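There are structures below to look over.
Each of the next two complexes has chain A plus one more chain, namely chain B in the first and chain C in the second.
Right, the complex of A and B next:
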């Protein structure tokens, strides 16, 4: 008995029985992906392409950060544009008051924007996280519109006339590259945080909350603290890319810094790629953001992408409701199981069922 | 007195409904106490009050000579009072082992909880031992959502044990479970009780309760009406009244007929 228990423990340690061969294949895929991101601006120097690339990185980061809370906890916030806007305004207003001229020192304001986002995220989370499910979604949207209204009307934001951000005096050829690598650094942080959460005790508690919050409470999980922490962490990262966005764009207005479509977009990216996975939001943003930018440039109709998004969303919901990554993962697992079944004698069926029977019931939560 | 858990004069109303009315109950250290009563008599509400899910309007709950009235569920669990639910509640999309690890208690700050892995080897070993105890060790890597109803009951018992609670409250451990498994669950409870664990069991299966419990309390309309050994409770006419409808004068006939 104890021998059986021991071997199962070891199976868990090696990531619930994932074979080492498959693990190294996954690691290799991540390395190749990282290397491609690293050399991308060298391969493609066209400023139109690199501009799209910077926006794509920003959205990959935002979707990853959003998923780091929503995907793990099951709470679906649609007010993260608050953090994006707070980050953007922190960059714009602080650089304005410090009279910064748009050099590298501007990047030092990015972590500050993260802190500003955290300062907003704490009371926001304390209010919104008292509610659950649909009410939570509605509260986050309401808070978002309140903050957007404040950005329009508070004196220090300069209202609808917006804020100009100092333009760096970098050459046109290398201009985008600096933003690209700055965004890549933030993305790296976001992915590492998301990965770290996944394997930490805190992450396990978030996942427990997703499945049954009340039961988790009864097992000693301090649910309010865990939820608030997850919410704030994801807000900080979104605030940081908001700051980078403001610096990159050069001027910000309330309706663009606090854009209701921002949340729809990052949520769609995470759902599209696979909610609760690490690679899902990256893939979702990698597909959808260039598509949006391309359509906007090509047809100069700013809202065409929304129609395309809607159609894509419908297709995904109908054909792979859990998103691309989990669906592909399931298919591969199924194929592997079939192959194993063929190799072994049919009577020696594996004890543990290899196919997950876990419907994605949490999609609507 | 060696009462480990003491409920005194607890009342709770939901709107106009008086779910608990001056309910008192005490559970002796090292005993298996039963709590029975017709549907809607307030058993589960009493559980919810004791474990912090529901705040009582009046009265007090004392555990190990400390007041836990109005404490949060996570605090109650950390103090050593675990419970299972009437309809089993497990984390369906986590593996069986991960379910166990959720219940692992650690005294650590939020930063440490982010930085440290979900479970240390010692915590995993302990979880596997308990899974072995309830016979689920071989399923440790499967998703808990694939377990059968009976297996879920066992898992729920196992992860409550992770924190090594002094008192375990079981809400209908034998409900909807086949006879073989009922025996298995009974054996586990008896074994744990021999190790010194105290139990408070809500159950409708009379045979199960009367055979298992040292002390049985009967609830009716939000109050504990009778308390005593199974034999005493079985013989008390008020218990029959409670089960067969109301105890009002006009219902006496029905009792006689039944």
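Right, the complex of A and C next:
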């Protein structure tokens, strides 16, 4: 990789022009956020609230993991429910055959579910990553439907009657807390992995693939290997939360473990918050999942939540196509640039906001 | 066994014609606009529900009802294009279009669930459960009528594309949007009309689908994945490819259902897609990644 290309992509990674003061403010915000997540079950003990919180953590993890591949590489997989379902079935079937009774040992199956997801992710990725862009999207959807069908029809999955997972031994009062902290641990792993990818050479290679895959290949990036590794990594994490979900729910069915809505929900969350950022998918899931749970509880009969959910997403895409975090970041940067411009050269004309350069073909838009 | 395979091939060809019509709409939209319309599946179901409502509440025959439902879906398509698709930036239209049309799709799914409930329904008419006996094979009237209607509409689309001035501007936009704009074609207007047309055909396809299958709003997931499989297999943007792939896939599915098991027929449908794309990433009839790459 030539030095010039590297430094230009480097600018992508380290937020350009971030002052140390701002950096410590960001670090403080992360710490406060982490502390809030840590004490949340102590502050709120209402089981309805903590149940929603567990689901939210599961989706925050899944969206982060999805973004760790999609956001950096530019490939949009809509088949991650495969990993979620594989994780869920691993938890359910292995605990069934080992005759586990629903204690802490169940959580030991979570990493195993990650391994199972990886075993599925390798052939899945090898096939799907041969194609690009929209063909890739469609092939991930196709693989998803094949796997869902397998779950319905293979003997060992018990078909449409689903699998009963051992009931947790804990009392109802402390039931949710354990799942909450288990989910929080997986979320922490997911965020650290995503952050690590972003800081690493591997992450730079993924970003280079997003910008121009052919050029990245020309510069010596082993694109197939890099893409596959990114795909498998994100699949493993989603598989782990899938296992947690199965234990939490207590009963899994093919249509819920392999849910087409899951595929797009995590993508929506990542887009909503900001694709390719670390805080974006967290924020997206933090807003959308409680909203969906609330709407489902509130309007249990109708499908009103689908309408609100879709409308909200449409508004965000059309007004903030890059997601909340990057849009807010741009606004802040613009305001800071204006202020700096005034301070440094009071006599000069104010710095004009960055003008969006219309591409030639966009002239008639 | 032999005759049941032939029966399966006949059924596959007849239903494949209807799928070809729905897939043609999808591929037309992609070819002209680089838009993948994920909402195509829910539009089919919307068309089916409209025909169902007209026949149940107003007693209008489903085929006659098409004179109402096709223009209705054309207008809805134009509205969606005008309201949302047009506002996407040029840069990443394809990826964003998947999300926008998906959002449109779940909104419509919610509206349909609220207005028709989630119970499965099916369109009824005298020709739905009757069939004609010909050379030892049973040909359900609805398959015959549906195939004939699909053929007529496909020929009409063909004629529109290859025999009219408007068609020439569509084909020019298909080849190169910028160049088409330079020679004075109003590409935006062409895009809007094409989106409307691509959606309008789902009214016809949805009517036949709703008469041959029990459906509710969530059936659209199954439909859109099949339609996407068909257009990708045929090569995105290729009309002829969509027709060929639709018939190929439906025949394959029906034959597998007979010789192996109906349970696995759908899996074969998608497995065929995976196998073909592993060998030919551009699809069976696709131009070798001519655009948008």
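One rule holds in what follows: the second predicted complex is superposed on the first by the 326 of 365 C-alpha atoms of A that agree within 3 Å, B and C clash if a C-alpha of one lies under 4 Å from a C-alpha of the other, contacts with A are read in each partner's own complex, and residues count from 1 in each chain.
Note that contacts are C-beta pairs under 8 Å (C-beta built on N, C-alpha and C of every residue); 3 or more make two chains touch, one makes a residue touch a chain.
Here the structure is a predicted model, which means the values were calculated and not measured.
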| item | value |
| --- | --- |
| Partner chain(s) touched by A:204 [first = chain B, second = chain C, both, neither] | first |
| Partner chain in contact with A:229 - chain B first, chain C second, else both or neither | first |
| Chain B versus chain C as contact partner of A:196, first or second or both or neither | first |
| Touching partner for A:49 - first (chain B), second (chain C), both, neither | neither |
| Chain B versus chain C as contact partner of A:149, first or second or both or neither | second |
| Set of chain A residues, in rising order, touched by both chain B and chain C | 362 |
| Chain C contact footprint on chain A (complex, rising order) | 76, 78, 127, 130-135, 137-139, 141-143, 145-146, 149-150, 153, 260, 264, 267-268, 271, 302-311, 313-314, 317-318, 321, 359-362, 364-365 |
| Chain A-facing residues of chain B, complex | 51, 53, 72-74, 76-78, 82-83, 85, 89-95, 97-98, 101-103, 105-106, 108, 110, 113-119, 121, 124-125, 128-129, 131-132, 137-143, 145-146, 159-160, 162-163 |
| Of all residues in chain A, those that touch chain B in their complex | 1-2, 4-6, 8-9, 11-13, 16-17, 196-197, 199-205, 207-208, 210-212, 214-223, 225-226, 229, 351-353, 356-358, 362 |
| Footprint of chain A on chain C - complex, ascending | 30, 36, 84, 87-91, 94-96, 98-100, 102-107, 109-111, 113-114, 118, 177-178, 181, 187-188, 217, 221-222, 225, 228-229, 232, 236, 263-264, 266-267, 270-271, 273-274, 277-278, 281, 283, 292-293 |
